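Read through the structures below before going on.
Look for chain A in each of the two complexes below; its partner is chain B in the first and chain C in the second.
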Partner chain A sequence: MRDAGMSKLRASVLMRHEVGLHARPSVKLTKLAKAFESKIDLGLSPDGPWVDAKSIVKVMATKAPKDSTIYFRAEGEDAKAALDALVMLVDGDFQDGP
Partner chain B sequence: MDHSTRASHRIQGRSAAPGIALGPLVRLATAATQARQSRSVAAERDALDHALEMSKRDLAALADKVEDDDAEAVLSFQIALLEDENLVAPAYALIVAGEAADRAWAKAIDPEIANYDQADDPYFRGRASDLRDLRDRVLRRLAGEADQAVPPGAIVAADDMPPSVFLSTDWCDRGLVLRRGSPSSHVAILARSRGVPMLVGLDIDDLESGTDAILDGDAGMLIVDPDSSLRADYDRRLAAQAELRRAASAFTGPVLTASGERVQLMINVTGLAELRGLDPADVDGIGLMRTEFLFQARATLPTEQEQYQIYKQMLEWAKGKPVTIRTLDAGGDKPIPGLTRDGELNPFLGVRGVRLSLRHLDVFRLQLRALARAAVVGNLKVMIPMVTVPGELDRCRALLQDAVAELTREGLNAVMPPLGMMVEVPAAALMIEDFDADFFSIGSNDLVQYVMAASRDEPEFADLARPSRAVFNLIRRVTDHAARAGRDASLCGDLAGEPAQVAPLLDHGLRILSVAPGALAPVRAAIANYSGKDSEKTSAKPSGTT
Partner chain C sequence: MSENVGIVIVSHSADVARGTALMVEQMVGREVPLGWCGGDPDGGLGTNVEAIIAAIDRAWSEKGVAILVDLGGAETNSEMAIEMLPEERRSRVVVCNAPVVEGAVMAATEAASGASLEVVQRTAEELTPV
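Take a look at the complex of A and B:
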């Protein structure tokens, strides 16, 4: 564990993907999350329940439908960058970004 | 060995599927199925490590090759699953607790499969099959089976072949020769289903890849290095076989005898894989779905939900046509680890079929629940194997009614499907009027061997283990009773798939036959040639000794 005083950063984004959090978008999301050191959680409401955003098993299990708002919280050195990237991915409809 | 001195020679085996294949042999390396001798925690952990790594590599190689987006998405989903600690960590924990690698893996992934099976959204429900596929891929790797493609060659020779490898191979114009296995093994059933000529019990030690050979699935033998006249002879037979298949595949519409009488022609299957490429419009339904193969070659028994999904998909495929699903028919020559009894003195007279189910009510109830739920989806009929006395069928009926009541209480949709019986024990055929069955289906394989007291697996008895007048007498008893009682009687054994037996079967009152999909065309042609009872005078030597 890093700096115990470090607070969790939060972000949320509306998912407009036509089908919801299916296999393809979930794979992209977890891959991106894994690129960051921070611990990153995903939830479908601002109060959780939270699941590990780096786990395809957990992310798919949320079975998030179209038009869900996805909530993220992150804790770690690169938490800010991670949240920005994840929000951009979901907001950009899971297109292949740069 | 000097090639020029080789003379044509014959190796006798047993026929598992009829037909002819000719061309170069290809010998498959023995799969290292005994690779995991050690049961230590470290060895099991290494085995799982290796199987996961190899599976990941196989999937990555497949993903490189596929061109359509959807297939690629499934493969990358499966790769991501293999890389997810949340999936694999529980498997490793189970290994540390003393579980074997294959069981640990299955136990870790099965709850995830069940979770998807229960999803409301059809998309997520569909992912269960991706996970099942992944589970089986890793289990195959754990069993030491490489994900190898069968190399080109007209006649494939191997010690044994798992059904998964058989199903992933293109068998067009090819044949299969196995050292192990029997005509009732899963692969043999699949081979008959696909019209792939196949032999079992054949000594393959001296076979070399590249050698020219002829597989004669009708005579049960392999001819190595055939001379030119033999070769020409078989070339002609092969051409005739191809012509017959071509002509027969042109048949469509209802199956009629020469005199215009309607005969229902159905298919026997073991799972969904065989239905791919088959149009339900070309058959009158599924006359026999053998469920025992859902229970074989896996670490855990299939769950209710898993069974329900498979039964449901079969009914959806049939589009309202009847689908007869037989409850677990294990025992005898179809053992299931952890369920059937080892070392029975005489397994064919032992705990098999309904006798086994009634002794494992936990397993049987689960299957009946899955069936009662699937009965809502389409035209399902449930069939009980190896019924000997009326009390057995009565108990099955009560258990099925209990399952329906229980499901209804739980708020799940379920209905009572028609409940019928296999007629394969002489005691049942003799007293057929005593049984409270909604339909009858004659299992000719077992009926013949029980009436004749001769095993089909004993080559010496080939002349004895045949449908004699005694067998046809019992068939007549069943069809007469069914006609009087206004119930259906069908025949779903291998006998129905032999074109030469079609006329005597029709003579004895049968109007519903169920055959391997590969036998549809020739049987259809034999029915079309049937012009009524007078065939009894010319061709009704029903003993059919050849």
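Take a look at the complex of A and C:
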């Protein structure tokens, strides 16, 4: 059993989306992040700075360009599932999921 | 009945209001109740209280409605429309101090997660330069 209170899981993924993390991809990413209970942060380097991945205003403000690596860290019961889903979204070029 | 806060777009221009609503639908989705109005009955620019009330009705949600407005009269007419709502609805409708297009998309993104009216308003207003 993991100590849910303390551990922060991490993941990163290369974003190849043509326009980068602009309006539409940001909305999709934020909506997906909000579907999870865990606290989820997003950064453009492994050391941050971190923004709340559930904040549409902050995610859009990162203006991450094409070919950036997106770093996530998550903390909570469903952290693993959240990171898997977010990585899949970015890796899948923000296509509509099932 | 929707579990999400509704969004109303009020612009002086019917084209701006309709276009903004389309952006919300295509970027965020249809899970957020949406109403919009703009222009005067003769096809010119303007806003009017009756049309705003009708838009609030279309977007109505028990969780409340956030209104995004463009300029001057859109705001005062929206406030007047809120005053004319049935009393039990009045406290559940707010006008956001935010740019209309960006605010509508941000507010709808927040609303789509099931957030409260207060949180939806705060998200839209995060955009406002201080």
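Please note the rule applied: the second predicted complex is superposed on the first by the 93 of 98 C-alpha atoms of A that agree within 3 Å, B and C clash if a C-alpha of one lies under 4 Å from a C-alpha of the other, contacts with A are read in each partner's own complex, and residues count from 1 in each chain.
We take it that contacts are C-beta pairs under 8 Å (C-beta built on N, C-alpha and C of every residue); 3 or more make two chains touch, one makes a residue touch a chain.
Computed from a prediction, not measured in an experiment: that's the story for all the values here.
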>> Quick check on the superposition: with chain A as the shared anchor, is it clash or fit for chain B versus chain C?
In response: clash
> Now for A:D52: first (chain B), second (chain C), both, or neither, which partner does it touch?
Replying inline: first
> After lining up the shared chain so the two structures overlap, which partner does A:K80 touch, if you call chain B first and chain C second: first, second, both or neither?
Replying inline: neither
>> Looking at A:P65 after the superposition, I want to know if it touches chain B, chain C, both of them or none. Which is it: first, second, both, neither?
In response: first
> If you stack the two complexes on chain A, which partner ends up touching A:K31: first (chain B), second (chain C), both, or neither?
Replying inline: both
> Just chain B (first), just chain C (second), both, or neither: which does A:A23 touch?
Replying inline: both
> In the superposed arrangement, does chain B or chain C reach more residues of chain A?
Replying inline: B
> Among 147-155, 201-209 or 489-497, which stretch of chain B shows C-alpha clashes with chain C in the combined arrangement?
Replying inline: 147-155
>> Based on the A-chain superposition described above, do chain B and chain C contact any of the same residues on chain A, and if so which?
In response: 23-24, 27, 30-31, 55-57
>> Using the touch definition from the top, list the residues of chain A that touch chain B in their complex.
In response: 19-20, 22-24, 26-27, 30-31, 52, 55-58, 60-61, 63, 65
> Which of the residues in chain C come into contact with chain A in the complex?
Replying inline: 27-29, 105-106, 109-110, 112-113, 123, 126-127
> Can you list the residues on chain A that touch chain C in the complex?
Replying inline: 23-24, 27, 30-31, 34-35, 54-57
> Which residues of chain B touch chain A in their complex?
Replying inline: 73-74, 76-77, 80-81, 83-87, 112, 115, 119, 121, 123-124, 127, 130
